[in-house]
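Down below are the structures I want you to see.
Both complexes shown next keep chain A, but they swap its partner, so chain B is in the first and chain C is in the second.
The block that comes next holds the complex of A and B.
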């Protein structure tokens, strides 16, 4: 466990050492500041569009930074040969996979915490109508989605280059987030073999859309039931475990010498 | 020598294309707000308009308190009987077919509600951004004007939006019709209303096939404006024209009104 924590700690430090996070953070701040100063038809007491922009940017940057961080872990260490040093010490391959995954996930979740915290403070200066229970759920559930994405990137990192891995993972993330909700309806409209195939895909894919509570938070709806939130955490953990197991199996057979 | 002439030809073609691009940019048909002088258009090209349409869809989602427009569209496609009650049932049926649908329904906004009046300001930033990004989105212009005119009773702002939209969409009969309606109903300026209804009618003639009831409605409104402006002879012409457009079963009540008004004018009761 100490090995896992040590590897994870290095990964977390990596995201804050690079400029990417600061560029994204400053960019989001500038966009929000600019958007807050705009006057629309001389109506001044609006805040939902600001939450929408802020959450959209925060979630996009968090997903992007996390996916690229997780995707480059193994290939970069193979290239720099640091992987050999790590694994020649008392670090098992299972610990290595777990450490890289936990580090990438913790880095992504802490990045998003900063984006989310700043946005929440920003929103509270405009309105007091934010439900803290819904905000907490929105943050935790998005982090669960981020965990799934990190596990996917970690697994693909053992067979793909960082660029290909990040592209494939983020495309899947985006497509499933956007179209997952209507996939079953689209499947039911098909005829022949495509119909059962699409229905099976709908059942098998990790539905990233389950973890996006943005609209509930923005439009002041009640939080979802805590039981459902807990079940969604179990869902994300189960899929992440499957992806990590696949990654570990791929890595176990890999000749790194 | 041959090589040189080919190179000269290619160069001349490039210069000609360059010159053509300046001509195209200055062409009067290109609307000002979306082309020359607009740095966002220069940067994004036609993606700017697409972005504007996306923002308008988002405004629609705001109007439905966060309901995803694709869900609403899917529900509408699933059940053509689009009365409000039926649509709501269809929507919950659509997303609750299995456990995946039920989770989506619980996490997302999945029932149809509209913004309350005290929160309706929230839609305005998106409508404004949408019309700035795509000034040719007539639905966005008309929705923004509707919001000010019918919801906030701010007729001046509604007219401002429509007049600006008219400049960007010179072919739109809907904008002229709305201008006429506001001048007639709110400003009580029958002459100005008649001007806009007449303009709407001229533009509508091109699109009559698409809108079966609109030719009747615009003619009726124009006749009403002429009548209010003290020109019963012109009003009679357009009442009669409106009546001549009736074919089958459209708005029987208005047909009776038209017949009554024609009879009144013909007997000199106006």
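The block that comes next holds the complex of A and C.
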């Protein structure tokens, strides 16, 4: 576990020592600040729009930063040969995959924590009451979605270039987040062979949309049951474990030249 | 055989349909300084990468301290210096050493002490808090040497250790290798600098086109003096073909 933590620590340092995160953070701040100053023809409750914009930007940037970070880990190490020295130490390939995954996930979750924290403070100053339980759930569940995305990028990192990996992963993430929940309805409307195929796809794909609690925060709704939240965490962990196992199998006997 | 730290038997490796190693065999005794020499593309770095577990050979066996390179416990006993040093550009030398020390199982106090000592030794103490991305090739090579020695390994595997070093650093490295050899460390290194090999090594292997063409104690193989080694090397690698 010590090796995994050490490798993860280096990945976390990487995101905070490169300018990508700061650019995204400052951009979000500027958009929020500008949006807060707008007056929508005396329309009340503008904090909801602010929350929607802020959460949307924060989630998008966190997903983008996490996917690009996780996607470049192995290819960059192969190209830069940094993995040669690391793997000559007493580090197993399983620990290497786990460390890279954990570091990318921790970096993404830390970035989102900053986005999320600043946004909550911002909305609180606009006198909007936010349920602590709903906010905590929204943060944790979004991080579970990030974990799934990180595991997917980590596995694809052993077979794809960083650009291809980030594009494929983020497209899947976006498409499934937006349309994943309607897939079942679409499948049930079909007839013939398409119906079981779509139902199987619906069952197999990781439903990133399950982890989006934005509406509950924006509209001040109650949090979901803790049992359901726990089940969602198990769901994300199970899928992540499958992706990581695939990644490890791809990397286990890979020649590094 | 007892006393042999590195044992390589009939190692074969193919890269994109090209046979890079065609039955490499040699052994290195405990406390020996072993030179592995050959022309460019002969298979030196491929052999070394197989020895540290980066490449999986098609056939043959590698035993280092009686263990397979895939075993992390074996890698705890070795220090590896790559031909082209490359490190995380956003980390400082001190952070790099602490990271590698941590994955080598070192405790905090000894890691702190050794990091400081080694940065002094390789002449990088004044750059300890600068990011590696700004360093020259020679400076990165010095960091490489420090990380290879960090956990005080029993065996050193060095791939072109003097590559990119200035004359002073080369001299420091030679003295250091002599000192380590006197302390009983086993040192395996590949090099193009035959004078260095003649000066430091107890035994050598010459590799050509993926095959070991000559191996044994340096005294027996070439006699005394680096001129003989150079002549022998040229004859074996080039001359006999002409």
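Criterion: the second predicted complex is superposed on the first by the 253 of 257 C-alpha atoms of A that agree within 3 Å, B and C clash if a C-alpha of one lies under 4 Å from a C-alpha of the other, contacts with A are read in each partner's own complex, and residues count from 1 in each chain.
Here is the rule we use: contacts are C-beta pairs under 8 Å (C-beta built on N, C-alpha and C of every residue); 3 or more make two chains touch, one makes a residue touch a chain.
Worth saying up front: this structure is predicted, and the values here are computed from it rather than measured.
Once the two complexes are overlaid through chain A, chain B and chain C fit side by side, free of any clash as defined at the top of the document. Applying the stated contact rule after C-alpha superposition, one finds that A:209 touches chain B and leaves chain C untouched. In the superposed pair of complexes, A:89 makes contact with chain C only, with no contact to chain B.
Comparing chain B with chain C, more residues of chain A are touched by B. In the superposition on chain A, contact is made by A:253 with chain C only, not with chain B.
Between the C-alpha centres of chain B and chain C, as viewed from that of chain A, the superposed structures give an angle of 150°, to the nearest 10.
By the touch criterion defined above, A:29 lies against neither chain B nor chain C after alignment on the C-alpha atoms of chain A. In the superposition on chain A, A:9 contacts chain C only, with no contact to chain B.
Here the smallest spacing between CA atoms of chain B and those of chain C, following superposition, is 37 Å. Shared contact residues of chain A, touching chain B in one structure and chain C in the other, are absent.
For chain A in complex with chain C, the residues that touch the partner chain are 2-3, 6-7, 9-10, 13-14, 17-18, 80-82, 84-92, 253, 255-257. Within the complex, the chain B residues that touch chain A are 58, 61-62, 65-68, 70-71, 74, 78, 94-95, 97-98, 100-101, 103-104, 106-109, 121-122, 124-129, 144, 148, 157. By the touch criterion given at the top, residues 38, 40-41, 43, 45-49, 52, 141, 180-182, 184-185, 202-203, 207, 209-213, 215-216, 218-219, 221, 224-225, 228, 232 of chain A touch chain B in their complex.
Those residues of chain C lying in contact with chain A across their complex are 15, 46, 49, 52-56, 72-73, 75-76, 78, 80, 82, 84-88, 90-91, 95, 99-100, 102-105, 131, 144, 147, 157.
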